[in-house]
Amino acid sequence: MTRADGRTDDDLRPVTITRGFQKHPAGSVLVEFGDTKVLCAASVTEGVPRWRKGSGLGWLTAEYAMLPSATNTRSDRESVRGRIGGRTHEISRLIGRSLRACIDLAALGENTIALDCDVIQADGGTRTAAITGAYVALADAVTWLGAQGALADPKPLSCQVAAVSVGVVDGRVRLDLPYEEDSRAEVDANVVATDTGTLIEVQSTGEGATFTRSTLDSMLDIALAGIRKLSDLQAEVLAQPYPRDLPGRS
Amino acid sequence: MTRADGRTDDDLRPVTITRGFQKHPAGSVLVEFGDTKVLCAASVTEGVPRWRKGSGLGWLTAEYAMLPSATNTRSDRESVRGRIGGRTHEISRLIGRSLRACIDLAALGENTIALDCDVIQADGGTRTAAITGAYVALADAVTWLGAQGALADPKPLSCQVAAVSVGVVDGRVRLDLPYEEDSRAEVDANVVATDTGTLIEVQSTGEGATFTRSTLDSMLDIALAGIRKLSDLQAEVLAQPYPRDLPGRS
Amino acid sequence: MTRADGRTDDDLRPVTITRGFQKHPAGSVLVEFGDTKVLCAASVTEGVPRWRKGSGLGWLTAEYAMLPSATNTRSDRESVRGRIGGRTHEISRLIGRSLRACIDLAALGENTIALDCDVIQADGGTRTAAITGAYVALADAVTWLGAQGALADPKPLSCQVAAVSVGVVDGRVRLDLPYEEDSRAEVDANVVATDTGTLIEVQSTGEGATFTRSTLDSMLDIALAGIRKLSDLQAEVLAQPYPRDLPGRS
Amino acid sequence: MTRADGRTDDDLRPVTITRGFQKHPAGSVLVEFGDTKVLCAASVTEGVPRWRKGSGLGWLTAEYAMLPSATNTRSDRESVRGRIGGRTHEISRLIGRSLRACIDLAALGENTIALDCDVIQADGGTRTAAITGAYVALADAVTWLGAQGALADPKPLSCQVAAVSVGVVDGRVRLDLPYEEDSRAEVDANVVATDTGTLIEVQSTGEGATFTRSTLDSMLDIALAGIRKLSDLQAEVLAQPYPRDLPGRS
Amino acid sequence: MTRADGRTDDDLRPVTITRGFQKHPAGSVLVEFGDTKVLCAASVTEGVPRWRKGSGLGWLTAEYAMLPSATNTRSDRESVRGRIGGRTHEISRLIGRSLRACIDLAALGENTIALDCDVIQADGGTRTAAITGAYVALADAVTWLGAQGALADPKPLSCQVAAVSVGVVDGRVRLDLPYEEDSRAEVDANVVATDTGTLIEVQSTGEGATFTRSTLDSMLDIALAGIRKLSDLQAEVLAQPYPRDLPGRS
Amino acid sequence: MTRADGRTDDDLRPVTITRGFQKHPAGSVLVEFGDTKVLCAASVTEGVPRWRKGSGLGWLTAEYAMLPSATNTRSDRESVRGRIGGRTHEISRLIGRSLRACIDLAALGENTIALDCDVIQADGGTRTAAITGAYVALADAVTWLGAQGALADPKPLSCQVAAVSVGVVDGRVRLDLPYEEDSRAEVDANVVATDTGTLIEVQSTGEGATFTRSTLDSMLDIALAGIRKLSDLQAEVLAQPYPRDLPGRS
């Protein structure tokens, strides 16, 4: 029994990661999980938030947003409504927390890396695609900082970070849900992990249903297998040179 | 090796649940997990949000907030800042989702139950205390609705809901973290489950660290044991009569 | 002709003042005027608002709020609406002004005392209960500051401050109106005064009616008599020791 | 001992009331108390706020604001800051309450009169000047409504409303304080009353000081004498015909 | 074929400029273009916006607003809605940009001139009247600064600035449109220029229509002729002495 | 004397227009003017704004925004700041007005087309690129509506709309300014016109400078020549079939 798009339960959708998508930020990546497309930019700015000043440590922050035209029916613009919604807040915090797990902030000095994850097209799994793409943008920003001689430690990234969604649909545990499956999933989980398979974040929710520990175990099994593939792709993509000229150290 | 407050790793703090704390809402509960004190009120209002009108279904919503004086150093009032913070948004959504897992909203007709969880004093685990207390307030509100003859189904609650925090502190998996432990935990999880031990929500986060699946398993083991005790306490407390006069059915 | 709750026109409702209600703030008081319950916390923070910096003077500020579950029908949360309402603003300003009348701000140095008055349950007279309780919380915060050796003048409080409502209901001048009377009062006044009976603030309003000077005089008579009793209770309660360990001066 | 501007303690400043200041609103009055100048407009709009719909009753609302250029040093624009300040809220509510005391809202049908009081130049007493001018604008709006045949009761105004400030400056009770006196007053009161001398609102505040009942009595004495003069002036001004062509009843 | 108010196509409405309208700001002008009345105040404040600090240069900013009672039907107050509308933003920016074209900001040192243009009564052309009046208020503020010895360059104004609207109504190009014409114009332009006829800003818009270059040329012809008359009036008015006592240089 | 990028003064940058960029909106276009890239989406929604209900007419609205990562240094997110800035407001209004000039809104019935113009990468001329691309997205949305049988008039677009920037840089009138030229231009104009060369909007501004009518004429000459080329490109691109399957008329 295959899925509507022909995948088996533990298949990822086709995933592509395009570096150098924009010219201004130090890292800029377009990540695609099937029809889900997220633009992940890593911008370096001098200074840190007020509560961190004088610590000698850097900071990493993330903001997630959705273009109004990204969804099936147009969604209102949060800037026009004058407020960030709860879902946006929650995902922005998840992305920031996930990526901070892999970086030594002391190496940055008092500089901030801002990760902007803007969803260009949504078809399920936007937050996990965002995390997976943001790691690559972050790696490029770190390379850029290194080329400027701005890093205290030349290798501040201790691991790779990737994420994938998993859920129970039609009674079956399935990987990387598109919107059509996500909207009717009984259980839904987002898993963030490193390239060595240790966990960074697990968020598993029954959507009007409850679930057993063995379901959770099955979901984690196929999620971690999916993350292994995503990590391999990240590594492969990052094996290519930095997509633009790097700043000199003159 | 015991903890600063003398507990073993899998002990809960002393937990008390006081029903009938306020006179206006249909359910009003003060829940205490050690020094953490949360006031959980369940108010019934006629009507449902616009997007649900005409469905014949009820709704359950939750709002979490912290008194400025609840924390170690005074925190700013979100009403004065003019915005709900990301953490507040996230916890409010978690509470609502968790409690919706146990209720048949069709039984309410087009009425809304609002769960207000206001932290009077914070010492770690405020969101899990809130969920545990909110269940009891919700049960009272359902009793109140039933006494009015306002329920389509006399038993709209399909299970009990309780929650507890668990984390890795000093290299050990520990249950129900007070602030002193929470603030230095390497891994932190919040687990929501039913009285029969099936899961509703698992949120597990490495705080600047990663964690293995076996750590996640240990955390779930002691969390589910703790939730069993909390469920027993909820049942015991709810075995007492409704704390005020019930409305008649005239 | 007695009132619905059996009181005579110039009786207060039963009043209780509980010190040490919360563990974090320097002063924390639960004040009850009948079914009206207000939590008054006095938190000490370093520094003063920008416009006062460099003056060498301290500051005292107050914020009043109502829990959504405090009222007969649930009220919206101002943090969610993104704005403080006019009534909230007005009462917060009244409380701050009233308490500043009794304190020598120079004695605090450039520190701020924030008085948070959160209504747990509302049954008329919340603002006057808040002022009466806030004075006791303030006195405790001053004791706490003194124990730290942080006061330039050991006795910065020049008088006690208490407040009570009074109004014309059913053509009779009555003290300390519960909601049931307040909502149909023709004239309504809030009086703030010291323990020696001098006035700090008088706010008297015709609610769709006008009133004569002799009515105002009668209202002031019974209000001041009520305030005398409240002052006595404050003094009695404060005669007990500070409810927790005081900080040492090491 | 006279005051800086040559007045005796119980003198008003020169007061002028100019009707028909703007061409659009049904009532538009420029009121001047010395250098304090407030533009009071009464606009009639169809319909009432949502909570009043279906009642058959009209509504009267008021908004007070200050031009940035009205004060000694430029004040920020509240629209730019995105929030109404506490003082603005408080005064808007006072004006609305005061004018509602004199009008039979049933006579308006479900229509609203909005009173906009915009301070063009501030020199103390802006709220009392606003109330005094707003009454005249309201009277013109009522005339305008009557000419349209839109009133259920031809005389919906039961009394005149005027207001004045009074305070203790240099130890003396003085009427109608300009900014120079107001800013150093020990006690400050605003009194709103009718043309027959009954009270509508009394707000009396010790500014870092307390005051006795006999001081309050003296303040009320001279305030009521001042209000009598203001009422006479209102009557005199309103004895002139409506300042523009009235709508016909065709 | 004359216009409803008897003017020919290239006539201005009667224009008056009254200096010294308010006593607090350094420059305060009431400008009237027919029934359009705008109060333009120029306030001097110490310091410049953050992004300009340390530059040694001054700044000039402008804010435009409309009294709720200024328009035919009452408009909502932007402070109450909590947001500045797009039209307000746009006009504020236009006024600031236009006036900055005539002033040498280096001469001010690190001081800011704020131009507040508040529409008292609207009848078309409020933005062009505002610019024309703001120039005169600015000139007075510069005189005031000069009298204080606060100018690095005694003549920081390099030219006069004035503005007028022009449009196509009933197929004819007409100058200075009142609301009655503006609301049905097919094309609408606002032109800002100097007293020597060079352009500062041209904004020309087809309102649901398009227009040819020859129409644009005709509009510019009569607009520049109108601006010449406005510049003459500005010069004439400014030939009178500063309307109040100037600060001495002691 | 050529420009930094090798163009002559009246050359456009390389322009590309890619239809069908997103799958959800009825029209979705990526427009590139050199390194400036704007995503223009046209979404059809049922209903019209409240003030237009019952008119039988449709509506067209536009919102412009910039990704934080689009600019040379990261810009703050307006949703996080909680306000739309003045520049954003101004450009959104310009785009909406420009596109409304070419469409018969009666043909839409009571439906709204929302044009979202999100800048992916900014290098000068974002608003003119947005208008040029938005026209193509609009044309696709109209085709989509026609395929659904939802148009009262089969050809509601009366003309094409395109726009280009022009300015005076280094004393020379130049077309389509990149950021490097725009940031130091003495005069800056944006011109919106139809494919037949009639004007829709002209906005010309001296940036701290003034300009003569002959400069304006030169700017209009080369702008209109540029718009002719843009119109040709739009027509060529739209000669291709609709980029996805059209909805049937079943």
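Each chain gets a letter, A, B, C, D, E and F, in the order it is written, and its residues are counted from 1.
We adopt the following convention: a residue touches a chain if its C-beta (ideal position, glycine included) is under 8 Å from a C-beta of that chain, and two chains touch if they have at least 3 such contacts.
In this text, all values refer to a predicted model and were calculated from it rather than measured experimentally.
Path length between chain A and chain D in the chain contact graph, taken as the least number of steps between touching chains: 3. Looking across E-F, A-F or C-D, the pair that copies the D-E interface, with over half of its contact pairs the same by residue number, is A-F. Rounded to whole angstrom units, the spacing between the C-alpha centres of chain C and chain E is 50.
The geometric centre of chain B is 32 Å away from that of chain C, both derived from CA atoms.
Computed from the mean C-alpha positions, the centre of chain C lies at a distance of 59 Å from the centre of chain F. If each chain is reduced to the centroid of its CA atoms, chain A and chain B end up 29 Å from each other. Shown for chain F are the residues that touch two or more other chains, namely 82-84. Contact residues of chain B toward chain A in the complex are 83-87, 89-90, 92-93, 97, 100-101, 159, 193-194, 198-206, 208-213, 216, 220.
Residues of chain C that touch chain B in their complex: 22-25, 28, 35, 39, 41, 43, 45, 63, 65, 67-74, 77-80, 82-84, 88, 114, 116, 118, 120-121.
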